[in-house]
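The letters A, B, C, D, E and F name the chains in turn, as written, and every chain counts its residues from 1.
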Amino acid sequence: MSAFGPLGGGGNGGGAGITDAQRLKALEMARNEMEYRVDLFNRLAQTCFEKCSEKRYKEADLNVGETSCVDRCSSKYWQVVGMVGQMLGAAGANGNVQQ
Amino acid sequence: IDEMQTRDSLKMYNGLVQRCFADCVHTFRRKTLEKDEEACVSRCTQKFLKHSARVSLRFAELNQQQSTVGPPQQ
Amino acid sequence: MSAFGPLGGGGNGGGAGITDAQRLKALEMARNEMEYRVDLFNRLAQTCFEKCSEKRYKEADLNVGETSCVDRCSSKYWQVVGMVGQMLGAAGANGNVQQ
Amino acid sequence: IDEMQTRDSLKMYNGLVQRCFADCVHTFRRKTLEKDEEACVSRCTQKFLKHSARVSLRFAELNQQQSTVGPPQQ
Amino acid sequence: MSAFGPLGGGGNGGGAGITDAQRLKALEMARNEMEYRVDLFNRLAQTCFEKCSEKRYKEADLNVGETSCVDRCSSKYWQVVGMVGQMLGAAGANGNVQQ
Amino acid sequence: IDEMQTRDSLKMYNGLVQRCFADCVHTFRRKTLEKDEEACVSRCTQKFLKHSARVSLRFAELNQQQSTVGPPQQ
C-alpha cells in the first residue's frame, strides 16, 4: 500500500519540550489524515472493482478491457473527489446548508 | 473530540463521493466525466447535503425529546 | 454536523491529580459515545436517503414528497432504535441469547 | 480493551437496527411504524440475535481448532 | 460476544520501567488484533445472515434449514479466510503484486 | 502510524474475503467448499490483488499531480 506515501512524519519524533497532550494531539491529526486517505483508497478500489470486473471471475488476470476501465475509473473518481470537495468548501463558506 | 468531528466529516465526505459516483458514473470510454455525469454528480451532492441537513435537524429534535434512548446496557 | 451537540466535555480539561491512564480512559469513553452517535446518524442518513430519494437526481433540491418522507423516515428509524435497544436490554438481562 | 468491546457492541447494535429497518420498513405515510412493520422488526431482531449467537459458537470452535489462521504477515 | 475470548491482556498491567510510548504501542497492537477479529466476526455474521435467512422474517426463530446453513456457511467462510491468508502470504513473500 | 498501516491491511484482507465469499459461494450442502467455489475464490482473490495494485499506481500518480485536492476545510 505504498501509494499513501510517507506522511512527512513530523511531530512523531518526540522532541524536547513537547507535552504528552501535544504529542497525542499530533498523533490524532496524522491519524485522521491517514484514515481519510486509506478510506478514500479503499472506496475507490471497491467501487471501480464493481464497475470494471465481471463477476464470474473466469480469469485470474485483468484483461485489456478491465485494465483500461480501471485507469479511467480511477481518474474519474478522482475528478469527483475534487468536485465534491469544492462544493463542500463552498457550502461551508456560505455558513451552512441547513435548508 | 475536535479531531473526531473532523474525522467523521471526512468519512461523510468519502461516503458522499462514493455514493454519487456509483449512482451517476456508468461509462468508461474516457478518463474525464461526461457532461451529463458531471451534472448528475453535482445534483446528487447538493441533494445529499440538503438531505443530511434535514436529518440533522430531526436527529437533534429526537435526541432532545427522548434522551433515554441510548446504547444498550452491557 | 452540529446535531451531535456538545458532549459535556468533562474530563478533558485535564485537572490536577488525574493520571495519564485515567485521562486516556475518559477520552476513550467519550470517543465511544461519540462514535456511536455519529455512526447512528450516518446510518440513518444513508438509509433514509435510499428510501426517500429517487436515484435519477433530476433536481438538486428535495421536493415536497421527499422532504416529508425524510421526516417520517427519521422518526420511524428512531422508533426502531428504541425497540431494538429494549430487546437487547431484555436479552442481556436474561443472561444470554445462546440458543 | 473493555472500551473496545463496548464500542463493538454498539457497532453491532447500529448494524442490526439498520438491517432490520431496511428489510422491514417500506412505507412513509405516517411517522410511526405500521403494526406489521413493528412485528417484522421484532422478528428480525430476534432472528439476528439467535443467528449471531450461533455464529459466535462456531467462531469460537473454529478459532480453537485452527489457531494458525491469522492476519497475513506484513 | 464472548467468542473473542480474553486477549491474554499482557502489557496492560503497566509494570515498572515501561515508558508511556511503549504502553501506547502495546495498546495499539492489541487493539489492531482485536479489531481484526471483531471485524471478521461481524462480516461473517452479516454475510451468512444474508446467505441463510429468508428476508420475510416470518418467524423469530432459526428453522432447521437455516441452522444447518449457518453452520456450513461459517465453516466455509473460515476456509476462505485461510485460503486468502495463504495467497496474501505468498504474494507478500514474492515481494509485491504490482503487475 | 505503522500500526495503522497494519490495521488497514487487515481491513482490506477482511473486505477481500467477504467480497470473494459473497460472489463465489452459493451452496450450503456441505461444510467445505465445492471445487468450483474454491477455484472461483482463488481467481477472485488474484484479480482483486492485481486490481488493487493497479489502482494503487494510479492513486499515487493522481495524488502527486494534484496535491491540492484534500479534505474539505472545516
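Rule of thumb we're sticking to: a contact is a pair of C-beta atoms (placed from the backbone, for glycine too) under 8 Å apart; a residue touches a chain by one contact, two chains touch by 3 or more.
The chain list, named the UniProt way, goes like this: A, C, E = Mitochondrial import inner membrane translocase subunit.
The structure displayed is predicted, hence computed values, not measured ones.
Superposing chain D on chain F by their CA atoms means rotating through 120 degrees, a value rounded to the nearest 5. Sharing over half of its contact pairs with B-C by residue number, the repeated interface among E-F, A-B or A-F is A-F. Using the average of C-alpha coordinates as each chain's centre, B ends up farthest from chain E.
Farthest from chain D in terms of Cα centroid separation is A. Chain A and chain C have Cα centroids lying 24 Å from one another.
Averaged C-alpha coordinates give centres for chain D and chain E that are 14 Å from one another.
Under the contact definition stated at the top, the residues of chain E that touch 2 or more other chains are 20, 31, 35-36, 52, 62, 71, 75, 81, 85, 88, 99. Among the residues of chain D, those in touch with two or more other chains are 5-6, 9-11, 13, 15, 42, 46, 50, 52, 54, 56-57, 71-72, 74.
Within the complex formed with chain D, the chain C residues making contact are 25, 28-29, 31-32, 35-36, 39-40, 43, 47, 50-52, 68-69, 71-73, 75-77, 79-81, 83-85, 87-88, 91, 96-99. Contact residues of chain B toward chain C in the complex are 1, 4-5, 8-9, 11-12, 15, 19, 23-24, 40, 42-44, 46-48, 50-52, 54-60, 62-63, 66, 69-74. Chain F meets chain E in the complex at residues 3, 6-7, 10-11, 13-18, 20-22, 25-26, 28-33, 37-38, 41-42, 45-46, 49-50, 52-54, 56-57.
Those residues of chain E that touch chain D in the complex are listed here as 1-5, 7, 9, 12, 30-31, 33-36, 38, 41-42, 44-46, 48-49, 52-53, 55, 57-62, 66-67, 70-71, 74-75, 78, 81-82, 85, 88-89, 92.
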